[in-house]
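Two complexes are shown next, each including subunit A; its partner changes from subunit B in the first to subunit C in the second.
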Partner chain A sequence: MKQNIKAIALFLFTTSFLISCSSDDTAAIDENTFGEAQLYFDNGVNGDKLILGASYTNSNNERLTINRLNYIISNIIFIKSDGTEYVYPKNKSYFIVSEESGINTINLTDIPAGDYKQIKFGLGVDNQRYLEGETAQQEFWDYATSLDMVWTWSTGYRFINFEGTFTSDSNPESINFQVHQGSNSATDNYREIMLNLPTTARVRMGDKPSIHIIADANVILDGINKIKLSDNINQAGTSAAIMGGENLVKIAANTQAMFKVDHVHNGSGTEH
Partner chain B sequence: MKKLLILFLLLNQTVNAQFKNLLSDQSSLTDAYFLDDCDACGCSASGGSMGFNSMLSEKFIGVRYMYQKYQSRDGVFNNSPWIDENFNTVQLWGRIPVSSKMDVMVLAPYHFLNREKMTDSQSLSGLGDITLLTFYNLHQTQNDTATFHHKILVGGGIKVPTGVFNNKNNGSINPSFQLGTGSWDYNLATEYIVRANNFGLNTTLSYVFKTENHKNYKFGNQFNYGSTLFYTILVDQLQLVPQIGVAGETYQANQEFKEDVPYTKGDIFFGKLGIEAGYRKFSAGINVMLPINQNLTGGRVEADYRLAFNINYIL
Partner chain C sequence: MKNILFRLMAFSSALILLCACQDDDSYEDIPVNEKFDFKIPDRFPEIKQDINSNYPTKWGVALGRKLFYDSRLSKDNTISCSFCHEQQHAFTHHGHDLSHGINNLEGIRNAPSVQNLIFQTDYFYDGASNSMQMLSVVPIHNPVEMDETLPAIVAKLKQDPEYVKMFRAAFENGEVSSSNLLNALAQFMTIMISADSKYDKYVRNESGGNFSSQELKGLELFKMNCASCHATDIFTDNSFRNNGLPPNLNLNDLGRETVTGFIEDRYKFKVPSLRNVELTAPYMHDGRFGSLQSVLNFYSDGVQNTQNLDPLLQQHSKAGIPLTNEEKEALIAFLKTLTDYEYIKNPLFYYKT
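== the complex of A and B ==
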């Protein structure tokens, strides 16, 4: 009897050391090492997964069938909790997300090891880069061309290419719509977007955090600014196009709220 | 003094135990502990209130089979598909009294988990986390003629990370699709049983302290509670014990690198029904738990039901 009690006491006592040994302090970060990171853009529409070809009704009472959602992500910056930034090299920092082409991930390499709490990126191409001229960015220009993300060199990049068909009170028969966001001589519609990460993205040598971002396509027209496609139907009544003017400024404001980070997946895996 | 020492050790240890005690008659079938090894391993969404009905004696060895069905949303959107997750567990368990007031238990589960995703199906099988438990009988009504018989137990123990934890399984969907937590976890538990005539009421509370594993992932601490009303019918040497009760679990958020992981805390409340039968050296039980109310992992996991069978041999 006494033996048993002693044995149990010994067992419990021993296990208490196991508890104390199991904690492991976060090692200091060696800032001279580099890791990778991934931005994963999960395209949705108003809380649902974006399915090209499927219809939904927005709060403008227009029923959209989205057939294309492409956008340019650029100038990625990683920000630590103390505010210090790591600016991804500008000449490597232009990417396209394309739902129809299944391009949803941006893989970034050689990022200084660190604990990053925010990310910042541009939606579109900044004027500084654009003004460097075509030859300075020929490779990306050609890539953007292949994904329908340019007009001509003189009119520049499409920052967002959002297309499909829609019906509304004024057009019960479905007609095409095209929303092409971009800058023009009148307005610079490139915008920076800052996102907080719900948990730290831990960039380490050998570790590759995946930042799972939800992009809400609905917000482009149905955000803080409401833009009706039916107000943009051509005279023949055959399609609606938004490619310039005040609407692009409104879209630029809407897209400030188009993205949010759902979660960050740390470690070496590539789960989303 | 001895009592105090033990109590101190148990409390000091942030001990571990999921258990139930439904029967403790003077008949061959006495105390029955219902343990759940399931906190967060293969089911952080399931936890410790399973309260599977099985009748055990002071010394026994048995096999318990548990089935848990979940649905988990494969994606981050409202219209992301729900996929079925099936958690099967076969568990060897045994209990050895070390004194008139103290028992030590061992629980060794083997899990078979599977889920069908849109793109592929995943399955995991293997040894789960082994649990060692100690219970101490703090108080028991000694007067046989009393109308109400009370019994109070306190317990605790440790869960050893013998099950594999693989953080690649931690995607957007159910983070508990794991064989083990990968961590040393500790429980504290109390149990109160009151009986009058053939009726009994068993109430348990337990708290599970989970620690960070080698992948810097920590499953959320877990509070379990449950209460079961049971009735004992004797037919010759056969003893039947139908029972009805409620049970619940509350989970704190999981943590990764000491930061809360979004959509991991939650709670669930079950109703349960079961019956047990005991005959000579054998006992058997069946038990089902149905959720009444739940909010697991931000609504991204839903428990459908749990089912358990057990067969025990009384040593």
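== the complex of A and C ==
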């Protein structure tokens, strides 16, 4: 008898567990409800953690000490497995990630409940948005200015501000480098980046998935295109600057592989 | 009885509503805004800027005009836009080859004219901006022009009740903000259209548009020799070209390359509009020529074959455009028909009206 009770209890326990599991999975998602999501940008360098002031050697045989990594993330889109997209409202969809300022998270609200399998975002500011001027950009210009993400000698945004010092065979003494990625009135270097999520991001009312993205600063110069800082040293030999020309187009191609989603935390109130 | 009560209630609630409305109005005291009425000239090329997202309004234009003439846009409150863009010279800086700004610092370029901007794709001699709404950022921040920042200007203007009132009248959100500041300037520049010169009257067959035989000859010469770059009725094709000016090594101005970073853009500068050219001396990006005569002498005899020299200037045995003295005089007579006296006198573009 005692055994029987135990067996029944076990049976009830497991079935209730099973039922609760299956009911969760098949429960219709009420698409008229909304939840939140978070993108967490974990900056690294070729598999190592990015530590400002620390040095990294790349495959161009140059040793970079990185002092700044800021970039603009924009136009975020959530994509379900059936391909349907939720486009986050454009006028709220411009953000800056800044290692030095400790800004690594983007919090998004009012996303329709759903199971999302991919995300898409822009690196930089799209030309359409830029040409719409300040009306459309709201106060983003002021915000970007405060984080050193605008050019003022020409009118444009820095999509990536990547700075520090470096040494190479041609300059054993370290000198400054500045990589300012952006568009200008000759080339549009805004690019969209599409990322698969290894696990579904479940957006529900009260649930806030946190999508953990690893950003690899190394590929900016050392990706499918190899860009040597030592080829971009000024005539006086005092610093290397990449702010225009073909290099910006190459960097735009490199940064297609700059981001990948490492994992997704699901649940309510998840913060990275 | 019931009926009367109902009527009474309806009446009193209507009264309350009315009172509330009136109250609101007198409290806010926002002047009524309306679309600014301006005309796009028929013969002009299509509008190249998105003016609908920031369409000029009565108060937006008035505010933009006030800002254009306000030296608080510079760091030490001494330099306004109008300092280098004077109306009587079609909004250029007369008497200076290189325009100067704050602390009497000198730039490396001659201030270009402000006119017909919405028909253009790029601004500044190197194309530093392709957006009319954003272009004011450049002179405001340039350390030798105004050396100021948008948030600092906004902080100054917020202290001025008249500006607070005008921003409120001009924009839906009513804020004194950097975006509204740039938008107001853009609205003002949107309506700065010059299309009433003798040439315009000539092409429109209006009175006052009779060309002399010399002017007609100049027009023919212009069409043959100049109009491929100084194209359409705004007299620029919006391109960047190296016209063979010997580089001034003291300035070492690389032109368009400064913006794009492409070596094939070295020494290329934006083809300027020739409207009001009689008034916009000195000429060229560095203001090296004091007269139209000198400009034409350069094109006939001074063009140097530097890197990226425009192919259109290499069609003859010698680089440049062969012109006799008589032809130059005819060309100058034609160029003077591009002067728009209405534009330089128009009180709409002057703030103390």
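By our rule, the second predicted complex is superposed on the first by the 239 of 272 C-alpha atoms of A that agree within 3 Å, B and C clash if a C-alpha of one lies under 4 Å from a C-alpha of the other, contacts with A are read in each partner's own complex, and residues count from 1 in each chain.
Here, a contact is a pair of C-beta atoms (placed from the backbone, for glycine too) under 8 Å apart; a residue touches a chain by one contact, two chains touch by 3 or more.
The structure presented is a predicted model; accordingly, all values stated were derived computationally and were not measured.
Using the contact criterion defined above for the overlaid structures, shared-chain residue A:E173 touches neither subunit B nor subunit C, since it reaches no partner. In the overlay built on the shared chain, the residue A:D82 is in contact with neither subunit B nor subunit C. Applying the stated contact rule after C-alpha superposition, one finds that A:T187 touches subunit C and leaves subunit B untouched. In the superposition on chain A, contact is made by A:W141 with subunit C only, not with subunit B.
In the superposition on chain A, contact of A:D42 is made with subunit B only, not with subunit C. Once chain A of one complex is fitted onto chain A of the other, the partner contacts of A:E31 are absent, as it touches neither subunit B nor subunit C. Residue overlap on subunit A between the subunit B contacts of one complex and the subunit C contacts of the other is empty. For subunit A in complex with subunit B, the residues that touch the partner chain are 1, 4-5, 7-9, 11-13, 15-16, 18-19, 22-24, 26, 42, 44, 47-49, 198-200, 202, 212, 214, 262-263, 265-267, 269, 271-272. Partner subunit A is touched in their complex by these residues of subunit B: 2, 5-6, 9-10, 12-15, 75-80, 98-99, 102, 104, 132, 134, 156, 158, 167-172, 183-184, 186, 211-212, 214-216, 256-263. Those residues of subunit A lying in contact with subunit C across their complex are 130-139, 141-142, 145, 150, 152-156, 184-187, 243-248.
Contacts from subunit C toward subunit A in the complex involve residues 49-50, 53-54, 122, 124, 126-135, 137-138, 140-142, 149-151, 177-180, 182-183, 186, 256, 259-263, 265.
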